[in-house]
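Questions regarding the structure given below will be posed in turn.
By letter and in written order, the chains are A, B, C, D and E; residue numbering begins at 1 in each of them.
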Amino acid sequence: ACNSGGSDEGSEGSDSGEGTEEGSEGEDESGAEDGIYSIEDFSAAKTDEGEAMDGGSLTYGLVTDTVFEGTLSWNLYSGAPDAEILQIFDESLLSIDENYSYTQDGAATFETSNENKTFTFTIGDNVNWHDGEPVTAEDWAYSYEIIGHPDYTGIRYDSSFQNIEGMQEYHAGESDTISGIEVIDEKTLEINYKVASPSLLAGGIWAYATPKHIFEDIPVAEMEEADAVRKNPIGMGPFKVESIVPGESVSYTANEDYWQGAPKLDELTLKVVAPTTVAQALETGEVDIVDSFPTDQYPDVAETMTNVEFLGKIDNAYTYIGFKLGKWDADAGKVQMDPDAKMADVELRRAMWHAVDNDAVGERFYNGLRWKATTLIGPAYPDYHNAEIEVPAYDPEQAKQILEDAGYKDTNDDGFRETPDGEELVINFASMSGGDTAEPIANYYIQAWEQVGLKVQLLEGRLHEFNSFYDRVEADDPDIDIYQGAWSTGSDVDPSGLYGAEAPFNYPRYESEESTALITEGNSPESIDVAHRQEVYKEWQELMVKDIPVFPTVYRAVLSPANERVVGYSIATDWNYAWHEVGVTEDTPQTVE
Amino acid sequence: MWKFTVRRLFITIPQIILLSVLVFLMAQMMPGDALSGLLDPNVDPATIAEQRERLGLNNPWYVQYKDWIAGIMQGDFGQSFRFKMPVTELIGQRMENTIILSVVTLIFTYLIALPLGIISGRYNDSLLDQGISGYTYVGFATPLFIFALVMLWVFGYYLGWLPTSGSVQPGLEPGSFQYYVSKFHHAFLPGLSMALIQVVSTVQYLRSEIIDTKQKDFIITARAKGATERRVYNKHIFRNSLLPIAAFFGWEITLLITGTVFVERIFSYPGMGVLFLESITQRDFSVANTIVLLFGVANILGALLSDIILSIVDPRIRIK
Amino acid sequence: MEIQNMKEIEQTKSPSTINILIKELYRDKLALVSLIFFTLVTLFVFGLSLFLDQSEIVKVDLFAIHEPPSDQFILGTDYGGRDVFGQLIIGTRNSLAIGFLVTLISGVFGITYGLVSGYFGGHVDNIMMRILDFFNVLPFLFIIIVFVAIVPDYNTITFSLIMAAFSWMGIARLIRSKALQEKELDYAQASKTLATSNLNIIFKQVLPNIASLIIVTMTLNLASNIGLESGLSFLGFGFPESTPSLGTLLSYATNPQTLEFRWWIWVPPAVLIFLLMLSVRNVGEALKRAADARQRRG
Amino acid sequence: MSKELLKIENLKTSFRIESEYYAAVDDVSLTLHKNEVLGIVGESGSGKSALAFSIMRLHNRAKIEGKVLLNNKDIVNMSKSNLDQMRGDEMAMIFQDPLTALNPLMPIGKQIEEVLLLHKKMGQNERKIKVIELLEMVGIPRPKNVYEQFPHELSGGMRQRVIIAIAIANEPQLLIADEPTTALDVTIQAQILDLIRDLKEKIHAGIILITHDLGVVAEMADRVAVMYAGQIVEIAEVHTLFENPLHPYTKSLLHSVPQEGEDKLHVIQGIVPNLKNLPRKGCRFAARIPWIDESAHEENPDLHEVEPGHFVRCTCYENFYFPEEVKEEQSNGIS
Amino acid sequence: MAFLEVKDLKVYFPIKGGIFNRTVDHIKAVDGVSFELEEGKTYGLVGESGSGKSTTGRAIIGLEEVTGGQIFFNGKDITSQKSKDKAFRKDVQMIFQDPYSSLNPRKRVIDIIAEPIRNFEKLTKKEEIMRVQSLLEIVGISPDSIYKYPHEFSGGQRQRIGVARAIALKPKLIIADEPVSALDVSVQAQVLNFLKDIQSELNLTYLFISHDLGIVKHMCDDISIMYKGRYVEQGTRNDIFESPQHIYTKRLIAAIPDINPRNREEQFNYRNKILDEYNNAYNDYFDQAGLAFNLQSISESHKVALPQQKG
């Protein structure tokens, strides 16, 4: 399941925020020369300075420009900030390892049968809701009944749900029950899938239960507004929601009855911190931890902010330049390539890749906390990322050569190249606003292309706001030839949602037989064999570097600073939001003198 | 006075209707409609068309307008596509904050403006007056947002005296005493920042009003009666020059509303102003439109209030 | 002293409105300094921007990001490695240009509106005033923002028009009340009995009498329009970043690192906007005094 | 009328214009007795109001020199609090413009009460009764209603009565009326003048009546002072002044009033010079009677007592004639 | 055929009120006034403030909308605004009360005086200057003042500039609305003298509006007394001053202060007597609404508003 994500820090997020761990060894995070940093310098887990005291409280800062929506239900939420709030008081029944694969260490265990099509889950006996009721199989099944319900308006009902036996009938209202889901006993649930797929084991299962005894009487259509979601939600996690100030903050208290044992902290407070003030909030101890620190501010505080430790990991996201190669055929429900598209010539696209210096972009704008991207499956997926592929390097001369060879010459001496047919070539570039760097980066690319003789101009002379940008890209606005976008990918590497021929999110509107074959292969039952799947995806990554429907520009790091007094905190994927392990060594946060 | 008030009310009604039409037209001009946000892009276009028909989005504009108004009458401003909740409820949460901020600002404004204006007007051209005029002079040229930023930096971060964001300390029981203390505490710095800039016009107005009144003939009459200087000021000059200020009160609302957008943004104060800005950038237009409508109504009522206050305090209008 | 020495008479001409205003300005040293400052800044930024290439200035330089002031960059660079000084020049020019434009559009419209409403009075006035009242109670900042957000292709002209659409009321109201007073004065009545046409009375008789008031109001409007523009840009609803203005430069200060460590980006525009507003106001106030003195004498 | 109530000696009131002081009242000396009406006439700008304001010390920023003795108390150098006690009690004033002299936001009753409150120990009710009495006394119909009303609800004549009520509330010994009827119609003027006359009988005050209407003076005053350019140019008993005016200015004024049988009115040449341009040396009126030889004027004109109680300034009155008289005589002579 | 004839002139002003600001009533500023003017004479209109004198004058020249009645000028009906053509504008001029506001402070003397000339004639700059200078000479102001502004003149001079403007087109009728009441006695005399002088020179007819009976007596041949929008008495100077018939007229005359201090007592007693008479006989002279009755002729030239003799 892939979803569109924002271009920049903290913008619209998407699916459950799972990630992988990478390069977590470097303990020493002391400053870099030239103010250039590397993700290698960061650890994902907090270095504990002493023993946790008994109890204590901690403030967790949620960095966002806006307020949080407050749809506090895994089934219903849509914004990333809500997920941050949710993960403290409610958790997935299944835990994952560093490779995003389900483990048997969570609140529930599972077995597969029937050629990996049937899953049988057993929920631990000591797993209870905050109100003392046990978490039952029925509760878990209820989540599926909500998401699959005809009145459901959320965004979770996707292909992995459709893959469940009887789900489509239920969704269409033809059936009152989902035939593929069976409650065996109070703590045992069985789900039957139509097709076995590797995605299922990599986060493809909806592992969040819903307290049915509370939601039972609320019609699905009204759930989003229910008090049980907005005012006094309950979960099964280590902390309970004490009170909510809408849009601003949430106070939690320890759940003494937590199945992994009572948390170390007595209280936890989550509050919204604006990206502009986050540094001061950390320095003064107003917050102990923030979920994501704006990387462009890091160099300014790296030396001075001595009261916190910066944790870091690679984000499962990349920024890219996309080329419009066709249109979406709504009737057929698939993309339609256009051989006459302005950007149809792959040599032109390759030259444009050669022309830009993404390492410099990463270093200059992000001080190394973003760096040149190579393939469309990033290093956040260590098992699948193809690090060997040779991608076009920054080389303006070569770019010019490629263009010359492909017939793009400056025939009328205006300083810009014309098409091989001798027509003016003006490439319209759309990019979205957001953050300080959006504008200079867009301009940088334009300048870089100009250097190799390509006339690229910013669509309407300005950046476009996030929503209207994507609307226009999605609508295949003829004024857009190329665009800069970003994807934040989910836990599964499967690229079908972004580059499949039938994917509406396939914004470049690219397809090829080869690509389609590989994508299908990667999610076939054969690919449950991880080694096979790795092979397929490495091949697909190579194909993308050859065909260049888009080229990735930078990968990025997530930084999460934590006050020195915090122990037991981590941002590693396999930490599984173990908030009950988090403690503090002293009563008050350390501050910068 | 009653006649005046009633007549004034009658002017208000067409204003509100016109405002609603304007907001409605604005909503029509906005790209997309209520549905483009509500529905999943993956949903069958036929379903969307069906939904459209069902929601009356294909009706002629006046029918839609009528339905919209009918909804508003019942407190239904539509649904926020971003927050997935009724706009009414969403704005309700923010309105409290904005009102608290406005009240705090108003209190500060009058607490600062009245003494300054009175001193400056009474002792005009004295050293004190020159100081105060200097302040209004500088205040006039200082953009609110720069000033607020500096205030935030100095008192919020550098000195750390006051909270720098949010509207209330987390975890307090809503409605409790501490809760309101905390709300006030959070509104203190933004309110003060706004007030310090906004007093400028009031101080200047009060000053010139006092200087003006000082030269009126009836002041000479009062002196000729043997009234002491103090009495002349208290009973005649201040009273007469404060009345227009009282009437200014309603107009102050317009100023406040504009100011809150800036300070709410700067102090990350979750009120209607930031909600508006977010809604616009997130294209949550049902929310944005509702806020425009509400602020417009607030302005209209402010103007009404001003006129009514004026009619109460000024006998020349009262009698008419 | 007969008709013969007409030459001499010509020379003893009494001063015109403009002359009196200029004289008053000359007397008020602060206003004079302000005027000179304002004029110099205006000439400087408009003049210099002829030689500056906007696309050159907004050109991103990856290797000069956040440079402090130096010989090469008088006021350092911003996060895009762009020369702040050049942006300041162009930004000031843009801000002033929009200030002038909005003041002019709203001024011309407001004056005409006010004159017509005030001079004709009666039902015309009644209806026009109700419309004006309505505009007055609109939450203009919000509506401007909405318009900026929904007008797809906005540029200096559309932006000015949007701003002007909500800033003509003040001057219109003022001019109207003045026109109401003036037309009741005997000199306007006299013109009527002399068969002078309404249009002539409005524009040739009444208008010159309120000219000083108009100049004063327009001057003060200029200040508030520059302020409004910077406020809108600050909120992100002004010019796009590729068209710098004082407001966009100032909005960099929302970044606390910029606020604290990189003063060269935001302090110059802040100071400049402060000085511009002050000088415009100084001039406006001096003109106001001049106009008042004149009224007392006339 | 024997007792000297008010004695003004060498009063000089100067206003500051562009950092220099100019005297608007220049060396004025006069006396007023109890129960006497002293009329002061003169063209606009001759300093009549300035003189009146100086007596009450109502000027805001004027330099006052000389002596103003009311019952032998020196007002010019009196402390502010003593002055406050005198104003409204021992001395009171009626103003020219009834439209602006009342506080628009205060009910009529309160405005009259204020002057009682300031000087008399009275209970609230007592005061109200007294106010209604006063309103009745100045001839206001339905005083109980008017008590509650606001100034703008009354006509000009009524407002002037209210101002008079304020002035006489404490039965002052000195009443200064600065053009009390100029803004009013003749019929109302007559009523107000009658009222003042009645009041004089009742409270035996000394009254200074300022006006530019010679008719009013003729009807009201016991003695008349003629002011020109800040100075008194002639002062005399009313009969004397009207029957035997001496100063050229007095003569000119009397001549300009339309009178039976006269086809041509007399015109005084030129205008009253404004304060800054006042000639400070020699006869101030000289410029307006250019046909009179310079030598006729005194160098430092002083008030001369030509007969008991009749004072004239400057010697130019001695051989004064009107130019048209000469012409008439000449043309008469020819025909 | 009369030079100017006003028949039953009515000018009402609406009183707005009520919740919707509708016209709820009218101020009958002028309510059925009729008179005739003879060429070359001065016709006085007297009354207390608010009696409708100015409104009458302004209605004739077209500054107020006429509610009812007719106005004829040289036999031509000029009641409606439209009928007041250029010829009429040329023939009828007005002098205003306030010499300060009646001259545009932004205009130079030449522009002020030339305004009517420019509206009617095409003159070269030079001719125009000559014309204006000769007009200035007529009104006794130095011709080299043409480039001065009004504030550089005294009240009397300004009033004469106003007159110069009024006579620039050689009008036949001049409506003078309290031309001297804003002026000091000394200056008053100057303007009055001057008005008399040019009357004979230019054969002007004056409609002279004033509340000062002394001045009216000095200036006018025929006089009308107005009260609350209606005439109470009309006649020659002698009719009015020697044998006033209406109690209101008598009261007005009695109110004029006598300039001879010897007559003080006499005048005082007389005034009181008239006042008593006025109070006693009020109902004989005014109807229930307190308005004057219609005029009745009591001699060829003398008309008084007395109740219709019943019988």
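A few points about this structure:
The rule is simple: a contact is a pair of C-beta atoms (placed from the backbone, for glycine too) under 8 Å apart; a residue touches a chain by one contact, two chains touch by 3 or more.
Each chain and its UniProt protein: B, C = Peptide ABC transporter permease; D, E = Peptide ABC transporter ATP-binding protein.
Everything numeric here is computed off the predicted structure, so don't read it as measured data.
For the pairs A-B and A-C, the count of C-beta pairs in contact is higher at A-B.
With centres defined by CA atoms alone, the chain at the far end from subunit C is D.
With centres set at the average Cα position, the gap from subunit A to subunit C is 48 Å. The mean-CA centres of subunit B and subunit C are about 25 angstrom from one another, to the nearest whole unit.
Mean C-alpha positions place subunit D and subunit E at a centre distance of 31 Å. Averaged C-alpha coordinates give centres for subunit B and subunit D that are 54 Å from one another.
Of all residues in subunit B, those touching 2 or more other chains are 31, 157, 281, listed in ascending order. Taken residue by residue, subunit D touches two or more other chains at no position, since every residue touches fewer. Residues of subunit C in contact with two or more other chains: 149, 254, 256. Within the complex formed with subunit B, the subunit A residues making contact are 65-67, 69-71, 76, 78-79, 153, 155, 157, 224-225, 230, 242-243, 245-251, 267, 269-274, 277, 280-281, 284, 286, 330, 465-468, 471, 474, 504.
Put simply, subunit C touches subunit A in their complex at residues 58-60, 62-63, 65, 79-82, 149, 152-153, 240-243, 252, 254-257, 261.
Residues 58, 61-63, 86, 89-90, 92-94, 96-98, 100-108, 115-116, 119-120, 129-130, 133, 142-144, 146-152, 162, 165 of subunit E touch subunit C in their complex. Partner subunit C is touched in their complex by these residues of subunit A: 276-277, 279-280, 296-297, 300-301, 357, 360-361, 364-365, 433, 436-437, 439-441, 443-444, 447, 458, 460-463, 465.
Interface residues of subunit B facing subunit D in the complex, by the touch rule stated above, are 216-218, 220-229, 231, 235-236, 239-240, 243, 313-316, 319.
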